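Next up, some structures in structure tokens.
Here come two complexes built around chain A, the first alongside chain B, the second alongside chain C.
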Partner chain A sequence: MSKRLTSRRLFLLGNNLFLLLLAIACLLPLINVLAVSFSSSSAAAAGLVKLWPIEFTLASYKHALGKKEFIDAFIVSLQRVALGYSINMLLTILIAFPLSREKSALRSRSVYAWFFIVTMMFSGGLIPTYMTVRSVGILDTMWALVLPGAVPVFNVILLMNFFRNLPKEIEEAAHIDGAGHWRVLLSIYLPLSKPAIATITLFVLVGHWNAWFDGLIYMNSPANYPLQSYLQTVIIEVDPSLVSNTELINSQLVSDRTFKAAQVFLAALPVLAIYPFLQKYFMKGLVMGSVKG
Partner chain B sequence: MKKHRRTKGILLLTLVLAMLITACSSNNSTTNNESSTAAPQTGNAEEANNAGQAAIDINAKYDPPIEITGWRYTESTYQYENGDTIEDNIYTRTYEEDLGIKLKYTWTVPLEQFKQKLNVSIAAGDLPDIMWVEAQQLAELTENDLILDLTELYEQYASPVAKDILEQDMKAFNTAKIGGKLMAIPHTSSAVDGLPILYVRTDWLANLGMNEPQTMQDVLAIAEAFTKNDPDQNNQEDTFGIAFTKTFLTDTHFGTTGFMSGYHAYPTKWIEKDGQLVYGSIQPEVKQGLEALQKLYANGMIDREFGVKDRAKVTESVAGGKVGMFYGSMSAPLSIIQNNIDNDPAAEWKAFELVSVDEVRATPIAKMPIQKYYVVNKKTKHPEAIFKLLNMSMQGYDLNVEPEEGYGYSESGIATFLYNFIAADPALKNLTAHNKVTAALDKNDPSELNAEELGYYERALAFRGGDLSNWGTERVFGTPSSFDVIGAYVDKDNYILDGFYGAATPTMVERNATLLTMEEEVFTKIIMGESLDAFDKFVEDWNKLGGTQITEEVNEWYELIK
Partner chain C sequence: MTSTSRSKRLRELPLHIMLLPGVLLTIVFSYIPIAGVVIAFQKFVPAKGIFESKWIGLDNFAYVFNLPSFTNVLWNTVFISVMKIIAGLIVPIIVALLLNEVVGKYFKRTIQTIIYFPYFLSWVILGGILIDILSPSSGIVNDVIKWLGFEPVFFLGDEKWFPFTLVISDTWKEFGYSTIVYLAALTAIDQHLYEAAIVDGANRWKQTWHVTLPGMMPIVMLMTVLSLGSVLNAGFDQVFNLYSPMVYSTGDIIDTFVYRLGLLQAQYGVATAVGLFKSVIAFGLIVLSNFLANRYAGYRIF
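Let's turn to the complex of A and B:
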């Protein structure tokens, strides 16, 4: 017995140590970026900054917050998240609810289910999607960022499974008391599904906030870029073979690392801020639906 | 309908072939004439149309104004003032007021994302009237018959000044020709600007009592001294001799191109040997260069971690005073070394010509300097509009035209010439600027300078007045400077250009990325200590994995342009 206990302890120790190392490996780059963003630009350019700011200064934050492109892109991203989140949640809930009914209640249920699931496995690919968006006429508008991904099928399935696990008796009781389908959804299912809704909220918010590729493809002017598309242009290094010599002279490629770091950190801030509030639901929500009652 | 198109295609093909055969023995102007006389016989509606419009006065303003669509990239360094944007600035306003052309961008995109956006738009068939493209897309668009043959229009409408600028370097201009037809207006610029230069930290040389490098042996000795003899006199062994990036084969800054030239080796470039083009990386000279690099690495004179460092990282080493020598292009004082000067005002660097390992002089090599092409959509209603734009933009180089304010730099010093939609640079633009700026500095008389040169002059003057933040401009356009070195290359006629400058051949498209990765891996490993036999194995593999075929295709192309 005691032997098993020590081996268990050893395992726990090793496991915790491993997880700790993993956590540090994830944290260090973030701390480094933070330290660089608070350092003087000459110290950063010389590669002296490790985990603690050198010659502490807020200059790069002032610069970032005063930069029109950054602020504009930030606002575009906020709008996108607000609009995209509303559309995603509305459609997710409205699709997941009927699909969670019994086959007797919704006759072609499996047809509908497959209709959505197919899109998880097959997609048109980049160019056809682009052409569709163009033909719809929403190129270079906010709609191009939120409509192509309006139905997050994975989230629908998550929520559908959660709905199914709620005791059917509650719904039956509500029906007997005269509640219609809308009433059941709004007054019973939604309040009971807070963990699942919170999880999906997190997925959707982070997804919209971090998406950059669609901004690049669908937007025709950098002025309309969401934050992450803008950041990508700031961070990736220009392929020097693309730049003409004249442009090389005029674009002093002085790497302003502190400024970049400040922008990266500011962009990550909203997600960092909402994570702690949703995390308790997040862990609960992921296993939901995996164990059938 | 389909059949009709096919016969037309065959007709065109035979015509192109016939032209190619005759073009082999003739120079370019006759090629152009031949194609212009031959074109109407094809019965191509568009060509006939153009001939019918011959009465167009190229200097006239469109009335009523027309709309031209286009796309372009912008760079993060573009600056704007007074509410200007890339869609609305001194250039777009002049286009509309003087030419009657309303330029509308279907999209603009930061340079970093240009390729992706370009490829998606072309694949989706979303083509505007005038497009910025690269060599690859130029070949693809031509192959798919989506862009206009400009041969005849160019002859007819391009102004003498524009032709003079574009054709200063005939080799560069010819890259825009496919099958003898001018398919694009190339954005020409200066080839010599890309030649590699050796930069050495001279205050360290002085600290160690060493002389400026004359030979490769000197460079190796300096590298050793910079590593072991504490050149920064801080009593720590924290410096190394010579800086390279992980992408050393192709990088303009911190590349090995200049070093390899010292061994008469030209990796990743195509060079002529016995009338044929051969791939530089598989020549025996490369082995000697690699051996030298291997020794440098083994003795700690190259950064231990160079294999994972990109340019930004290596620039940190320079800025932090950890390294005192590297090979770079003429812009290094501005884009790289200025960081070091900012950190350490005592630092001083000088540009040197490449040095050789033996009595044969080292010859620098550069790539054909064309990064972008302007092409015209076949469906455009105004095929001549691009020439109105071109002629206007080339006016600045016309000595008979009084220069106007604002088209180079604005009053407050913002580079407005970058807004220009259709531009091309004279072959020796920056070298000329350097010569004029130094002459003006000597005489204290800037009256001969144009707006752009005046900007360099003023910054160089500021440096001489003690402003170290303008050190870079002085060391590029003043003297001693990187352009002193470029000037020496040109005076001695001591430089060559990459022998292959066409669009990628079919096997290249398929294999080149893999081959280049292999090359980079093998060379990196050799430098880090693997046996030199790996080089012979690499040559064998390269040939086997498509290299032989690529060489054949490249030489087929070479036969055509000879």
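Let's turn to the complex of A and C:
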């Protein structure tokens, strides 16, 4: 019996050690890039930086934060998150509520439901969508980033399922007291749905912050790029013809590598900052979405 | 009779009003593009528009299917995404089983939090990180490889390595997410089953094999079947941020191919044809996978 206990203990120890190493392995790439961003350009260029900054300096961060394009793109991203979130959330609630009604309350419920579901299963694809956005006349405006994805069907289903699991009696009582659909939604359903709405909020915020491809194709002028689209052009693809003279002079002070690392880290910072506080909602939401009520 | 149906309609009215903005936006940005796939059958010229462009039947499809690179692109897409599905199935199951054995609640939660984090970073950011750490000259990964006495590997520039780099980095980003789904399924397993197994003399290993794994099976089946619908999605965001002409032969996928053909070379009709081809197959797979999920896991979309 005691031999069995020791082998169990050994297993647990080994298991914990393995999981710890796995978690560290997940973070190592991020730590390495963070260390590079705080290192001197010569140390980074020579490949000396491992997991701790060498010749600590904030030069790359000063360079990034002093760069007009970077700040502008950051502001565009913040605006996009604010506008996009408001539209997504409003529409999610306004669609989820009627779809959560019984067929007796909304006879065309299943017609509406299929109308939205179809868009999850079939899409026009890249070119027709681009052509549509162009003919609506919103290219190069903020609307091109928030309207094409304005109805997040997956989130609608999530919230609809949550609404359906709320006790029916409260709503019936409210109807008897003379409350209409709007009243039931605003004063009863919304206050009761805080956990679901918090979860959807976080996914939508992160989604808008991380989106980059739409900015790249719908914005003609790079001045309108949100941060991730801007980073895509400066970090992933570097076109030598775009590098101006002043930038060449600057780049002698700040190596390309440390500068890129600093920008990557700055773009990840908002997500990194909210993550530890909100991850319990992320987990909750995930379980909510996968295990249907 | 008419008055009751009328009052009923009146009572429904607020619900229709709530749905109206969403319906309008969906028509404009989802249904009009779906109708727009007709340009797959046209020699589309933007100046002429859909109504004036010349109809050419299936010529666009014939043109693409005869491109030597297209078969290659198709193969790459399926190969990369199937590998991702397999790795994305095995790794999270193992990690979930190991996490399930952990005794300390706080330790377990910390590990979960850390492995879930990369999921929330965009492929632009992760692309920037990977390009840096995988660099053959100064990246930390090749430092370790050289330290171990091997030749440095050009993960992102070597066509042999590129697909595997995609699969491994995708697994790194995504496995935390699936691990948590599986863990949730594990906590739902009836504790009485374990007690019964212990009474029958089963050790931890046997409990895992005969109680835990079968308990996970429905959700594993569900996740696998549902991933069938995305076999033609090999991950545009990831590939686009990591590939280069050097690795087109093994790394170019349908979505990146459509992007270059359509938006860079302005071959709108041809690119739409490829997109439509993909959508139709994906639609068939989604219908099939939902049918299977419903049949074997009792799952329905709504």
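The working rule: the second predicted complex is superposed on the first by the 247 of 293 C-alpha atoms of A that agree within 3 Å, B and C clash if a C-alpha of one lies under 4 Å from a C-alpha of the other, contacts with A are read in each partner's own complex, and residues count from 1 in each chain.
Throughout what follows, contacts are C-beta pairs under 8 Å (C-beta built on N, C-alpha and C of every residue); 3 or more make two chains touch, one makes a residue touch a chain.
This structure is a prediction, so every number in the text was calculated from the model and none was measured.
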Chain A: partner with more touched residues, chain B or chain C: C
A:Asn210 touches, of chain B and chain C: first, second, both or neither? second
Touching partner for A:Gln232 - first (chain B), second (chain C), both, neither: both
Partner chain(s) touched by A:Ile127 [first = chain B, second = chain C, both, neither]: both
Which superposed partner A:Thr6 touches (first chain B, second chain C, both, neither): neither
Chain B versus chain C as contact partner of A:Ile157, first or second or both or neither: second
Partner chain(s) touched by A:Gly47 [first = chain B, second = chain C, both, neither]: both
First, second, both or neither for A:Ser221, with chain B first and chain C second: first
Shared chain A contacts, counted only where both chain B and chain C touch the same residue: 45-47, 126-127, 130-131, 217, 232, 236, 257
Interfacial residue positions of chain A with respect to chain B in the complex: 42, 45-48, 126-127, 130-131, 134, 140, 216-217, 219-223, 229, 232-234, 236-238, 240-255, 257
Sites on chain A touched by chain C in the complex: 4, 8, 11-12, 15-16, 18-20, 22-23, 26-30, 32-33, 36, 44-47, 50, 91, 94-95, 97-98, 101, 105-107, 112-113, 115-117, 119-133, 136, 147-151, 157, 160, 180-182, 185, 206, 209-213, 217, 228, 231-232, 235-236, 257, 260-261, 263-264, 267-268, 271, 275-276, 279, 282-283, 286-287, 290-292
Chain C residues touching chain A - in the complex, by the definition given at the top: 11-12, 14-16, 18-19, 21-23, 25-26, 28-37, 39, 46, 95, 98-99, 101-104, 107, 110-118, 120-125, 127-133, 137-140, 143, 172, 176-177, 180-181, 184-185, 188, 203-204, 219, 236-237, 240-241, 255, 258-259, 262-263, 268, 271-272, 275-276, 278-279, 283, 286-287, 299, 301-302
Of chain B, residues touching chain A in the complex: 74-77, 85, 87, 105-117, 120, 123-126, 134, 187, 189-190, 193-194, 250-253, 310-313, 315-317, 319-321, 329-331, 334-336, 338-339, 342-343, 367, 369, 371-372, 415, 418, 425, 429-430, 472, 476
